[in-house]
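My structure is below; once you've seen it, I'll send some questions.
As written, the chain order gives the labels A, B, C, D, E and F, with residue 1 at the start of each chain.
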Amino acid sequence: MSKSDWLDAATATWPECREFLADSPVAILPLGATEQHGPHLPQNTDTVIAEALATGVARQSSGLLLPSVQVGYSWSWRDYPGTLTFSFDTFREVVKDLARSVYRGGCRALMTLSGHGANPGPLKMTARELVDELNLRVLNVFYPGLDEVMADAESPQWAPMNFHAEEFETSLMLYLKPDQVRMDRAVREYPPRSADYEMSTLPLGSLSRSGVFGDATVASAEKGERWFHACVARMARVWTEFLSVPDDG
Amino acid sequence: MSKSDWLDAATATWPECREFLADSPVAILPLGATEQHGPHLPQNTDTVIAEALATGVARQSSGLLLPSVQVGYSWSWRDYPGTLTFSFDTFREVVKDLARSVYRGGCRALMTLSGHGANPGPLKMTARELVDELNLRVLNVFYPGLDEVMADAESPQWAPMNFHAEEFETSLMLYLKPDQVRMDRAVREYPPRSADYEMSTLPLGSLSRSGVFGDATVASAEKGERWFHACVARMARVWTEFLSVPDDG
Amino acid sequence: MSKSDWLDAATATWPECREFLADSPVAILPLGATEQHGPHLPQNTDTVIAEALATGVARQSSGLLLPSVQVGYSWSWRDYPGTLTFSFDTFREVVKDLARSVYRGGCRALMTLSGHGANPGPLKMTARELVDELNLRVLNVFYPGLDEVMADAESPQWAPMNFHAEEFETSLMLYLKPDQVRMDRAVREYPPRSADYEMSTLPLGSLSRSGVFGDATVASAEKGERWFHACVARMARVWTEFLSVPDDG
Amino acid sequence: MSKSDWLDAATATWPECREFLADSPVAILPLGATEQHGPHLPQNTDTVIAEALATGVARQSSGLLLPSVQVGYSWSWRDYPGTLTFSFDTFREVVKDLARSVYRGGCRALMTLSGHGANPGPLKMTARELVDELNLRVLNVFYPGLDEVMADAESPQWAPMNFHAEEFETSLMLYLKPDQVRMDRAVREYPPRSADYEMSTLPLGSLSRSGVFGDATVASAEKGERWFHACVARMARVWTEFLSVPDDG
Amino acid sequence: MSKSDWLDAATATWPECREFLADSPVAILPLGATEQHGPHLPQNTDTVIAEALATGVARQSSGLLLPSVQVGYSWSWRDYPGTLTFSFDTFREVVKDLARSVYRGGCRALMTLSGHGANPGPLKMTARELVDELNLRVLNVFYPGLDEVMADAESPQWAPMNFHAEEFETSLMLYLKPDQVRMDRAVREYPPRSADYEMSTLPLGSLSRSGVFGDATVASAEKGERWFHACVARMARVWTEFLSVPDDG
Amino acid sequence: MSKSDWLDAATATWPECREFLADSPVAILPLGATEQHGPHLPQNTDTVIAEALATGVARQSSGLLLPSVQVGYSWSWRDYPGTLTFSFDTFREVVKDLARSVYRGGCRALMTLSGHGANPGPLKMTARELVDELNLRVLNVFYPGLDEVMADAESPQWAPMNFHAEEFETSLMLYLKPDQVRMDRAVREYPPRSADYEMSTLPLGSLSRSGVFGDATVASAEKGERWFHACVARMARVWTEFLSVPDDG
């Protein structure tokens, strides 16, 4: 499989899709969000990042790149005006219908690539229901090995694998969409964590005033570029390995 | 209300959304599709057009521009590899969740703007269920007055308000995304119409070989530009009038 | 197929149904409504007409005549006391269960015949879901070629294919159930049409005072008889053609 | 409340319904079936009987008579060609939507009157869900005191309150629709009862060859008339008492 | 099949379950309740009894004894603090998922054994849906032949097969869990029965003050022991016969 | 609040529940599983542990102890005969119905205590839907601070917070139910972990032969006792703190 073995399903024609899936029955689905990302980042931050990562992975590995789902499971921010969210049920059905569509077209392996930290939970259950229904292998990817990637970050994560609109995301956006980042409004906020965080139904939104969980002020495009490519490389490796082994049935 | 009274919810920050909805509690949702559009147009044709129209309407009238839903109700093309489709139920829930999200943020009037001809049917029922649930006015727009707009078209529609990847859509794409149109592959195809068309469950896909329903070869960017602006003007007028009258309760 | 090749599933015995479906695995389902029809027509107008048309079609063509569904999708009139309505979901499941029942008994082609103008929308999606589930062909019929049939009407339709309790329906009822029509109360009303009619969620009920959309005063039994038979003939022709071609799979 | 305080919602006009419900906010819903009734009775036997009983009750007591639901919960006979059945879920939603419709129109008490022995089970749960949702009192009636009514029957019931197409139903039909009863084909059949009847999922249909559970040969119109009126009287009494007591909330 | 051919799925290991189901693909599911049982009996009375009966049946006949479902369909008591209830839908899905689980493990016949009188209604419909989905035979058991068993009871049942926290249940608990019965608080209460009992949606809870329907004061452990064993014997016989006949498919 | 402020809803009477909830409107729901736990532990291991922990927490803090849900979300083990599992949807509805039941009885804060590692994922979404529906605070507890508790374990966890039928669970069972642990069959197994573990839909069951993920051979009752009490203390502290702060809205 050559590195150029990918296709953008949005801008391709259907005969190109047909040909692609006949040769490479695999697809990549970027899953973003439209939700508050502090006073300095656009609401589509997770979507922008997921699309860019998915394109990078498709280029390095393989796959029919599906159009991103621009809304995710954003219950935690539902009280911020502007935030859009799917319920769990809607999110699940959206992913299932897209999987069914590409399966009908011949696809047999699907990678979901989340740019939003609340998507993987619902995706886990969704993927299980999908493999019980279809002969489709599903891989849900959300920043594998991020701790190593971010080893040189200047600011700590608010909580393990829990970061939002801070150094990491802001850096990636400074690399990917510099004109949409308003660094003059970037802030540093580490909202208090109660002992029962993760256990309670406290929406994150009620903890933070700015919407930032971490330190956005130390972000840079240079770090963003480096981290972005490190993430792509890790994701592409996981995906390539997943495709190289026989079905896990 | 000034012409500049619009905001892109995707690239805006949440404080900007909050401020916008507090002043102008209205939103516009572009509804596209990812489906076959013949051998010469990209699969996202309906999404590209819906987004462009919605942006135009927002600029001329008002509204929080929501990120487009890039997949629609495309049952008719479900056998073309590459086509993605939501079931009626998923489509309905997607629109409802987006409406609920903006309603929570303060929005009280929503325009859906479809670029895909099979969306308005499901939208009609969806909108009714929404107004029974929320104090939200909903307007579903799909090319109002298109017959007049296209009065100077060179080729006939395949069926009333039933056109696909032909002169109109190709022209709009030649204007909006010229580099994604492969005019060298454009064809003219008028698939046979059985007497029971519209009554049967015959998928459109089984009628056409190319996926084109009409004549794509006579399209031009000039017509596309003219038609696009005529459509925007009509849609903006309908929307403005809708907003100007009191709630139809 | 002889003209007598039909059977009324309601008044037949089950051995007769078994024999019929073994020979002619096709069925006809009349879909009516119980909803306001102005001050002069009974609420079951659409049901009466659908049953009569379906019986006529069965006689001229063929089919197991199923008992009519006497309630339809009547959201638009839900605020008129006496109007009964199914939600979209209930309407869909009712039709699906009836289709599944006759399919289990051997039926392989089903015609739905609507007497109510708001049924065909939900039926379109319902039929698609049915053919994805069962090896059953479905034809949804709602006054094919009505414009030609009504060419000699004295009053205009309120909107294209949008008429209610007016010249056409009143005439048919004067022919079919003259004792249930109170012509002394018949009125002429053409409620105002806003520019966004069909796009908004405005219930029809809020437009009209009488519930009439058109002119009921010019109706006559003579026209009703003529139009009724013209409609039956057209519907029977569509149905016969549908049955004569191989499965559109 | 006078004995003439009833109205047929099917043949009435909507202003009449409005007036009726404003005065008498109560309604009666006949629930029938379309299912095998042996070689001698029409499939709509339960519907015919339920409608006649409901009309009788409305006349003697009060109520807006709703159009009958002509299909019931007939799982047990689903393998007899011609039999139509709703799933439990569809049956429940049909009844709920009708209840919601009349409730919207002002109705506050609803009697369901079943002519089919498998309807009361699902109705019990349906009614409970309805009263949890609406401020509507619901009474489900299925032959109260039938043992006393039928004390002079010549043939025994197959099982307690379990009879089908036998002396009772055939007699009622001989009284109500004599021309639809083919007494020359009437049979006597008492299918074997296993010890686990009622506990197993054995469909009744696999027990009987004719579809008769009891003795149809001893039926007579005279008994039918007597029993019919006795049933109406008992049902009307229960309904009147139900309406006379304050809400059981 | 020897009498020792049973296994407790809760305390067994999975290899033991695998071996058991390979030999004896049958299972028993006790269905209890957690609901008010008067001032003298614990809320889990129905669960305790169902578990004990199921264990007895398993010992005398055969089956993989599943863990009891400790909550039932207890709508009637939902206003007594402490009472837990599943909706019909949840109850149905719980039973279905358990049936699907054991079916996946090889089970082909399932007995549900209810200790709560409101479970059999929902179970009937549930079992029918199950046999339409799976190749699984289902038997729903609720005190077969109880009238004969209780022939020597001192107090009458409140209504046929309608008893609650009275002589029978109290006696069984005095035998099974004597330390959990507070006989000093036992009462005798025969709430009034309206004529429309069973027809209306009156919750039982609004009839009784104590929660007792019958006479708990005459209960004894001796009767409980006798009745318990008589019930087990009858249930085991029904189950054994059910297993001995070929599939009723 | 005294340490004795708890009540077992299963063995209590309803007047006791009423009184308890009036004083202490809080409840604890143990969530177990019935699933493979290796060759040496009973299938109800997670249920036994959850019940014991919940009882301990109730004693140390407060709460109406609800009967445990003995089946969980055990998709990963669904191919081991004997394993029972709820789908996500069923699991969600079970928890919701129990929450609704106690809420109706007056409860305003609910702790779910999971003994099974796959329950917390579905619980997170379930709890969010609950707090959107009811004025009920929900806390989902699954071994808070377990790393510290198990600091002196002899064998490593297979994966972070991923352990099954190994040193920890076996030790707890040796303390709680020593007669149900067959230490002679205890094994040590560390199944291979693929790079995409957690991302793929590989069921755990296909990784392990024994069903053990860790080392069961080094378990001891002494460790079990110590760890159990440490867990109870931590859980009780979290719960007490949760109850002591005002509603997090």
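Assume a contact is a pair of C-beta atoms (placed from the backbone, for glycine too) under 8 Å apart; a residue touches a chain by one contact, two chains touch by 3 or more.
Keep in mind that what you see is a predicted model, and the values were worked out from it rather than measured.
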| item | value |
| --- | --- |
| Where chain E and chain F overlap in contact partners, by chain label | none |
| Listed chain pair E-F, B-C or C-D that repeats interface A-F [over half of contact pairs the same by residue number] | B-C |
| Where chain C and chain E are represented by their mean Cα positions, the distance between them in whole Å | 49 |
| Junction residues of chain F, two or more chains touched | 87 |
| Cyclic chain order - from chain E, heading first toward chain F | E, F, A, B, C, D |
| In the complex with chain C, residue positions of chain D that touch it | 9-18, 21-22, 34-44, 47, 64, 66-71, 78-87, 89-90, 93-94, 96-98, 101-102, 104-106, 180, 182, 185, 211 |
| Touch list for chain B against partner chain C, complex | 75, 87-88, 121-122, 124-125, 127-131, 137-142, 144, 194-196, 199-202, 206, 237-238, 241-242, 245, 248-249 |
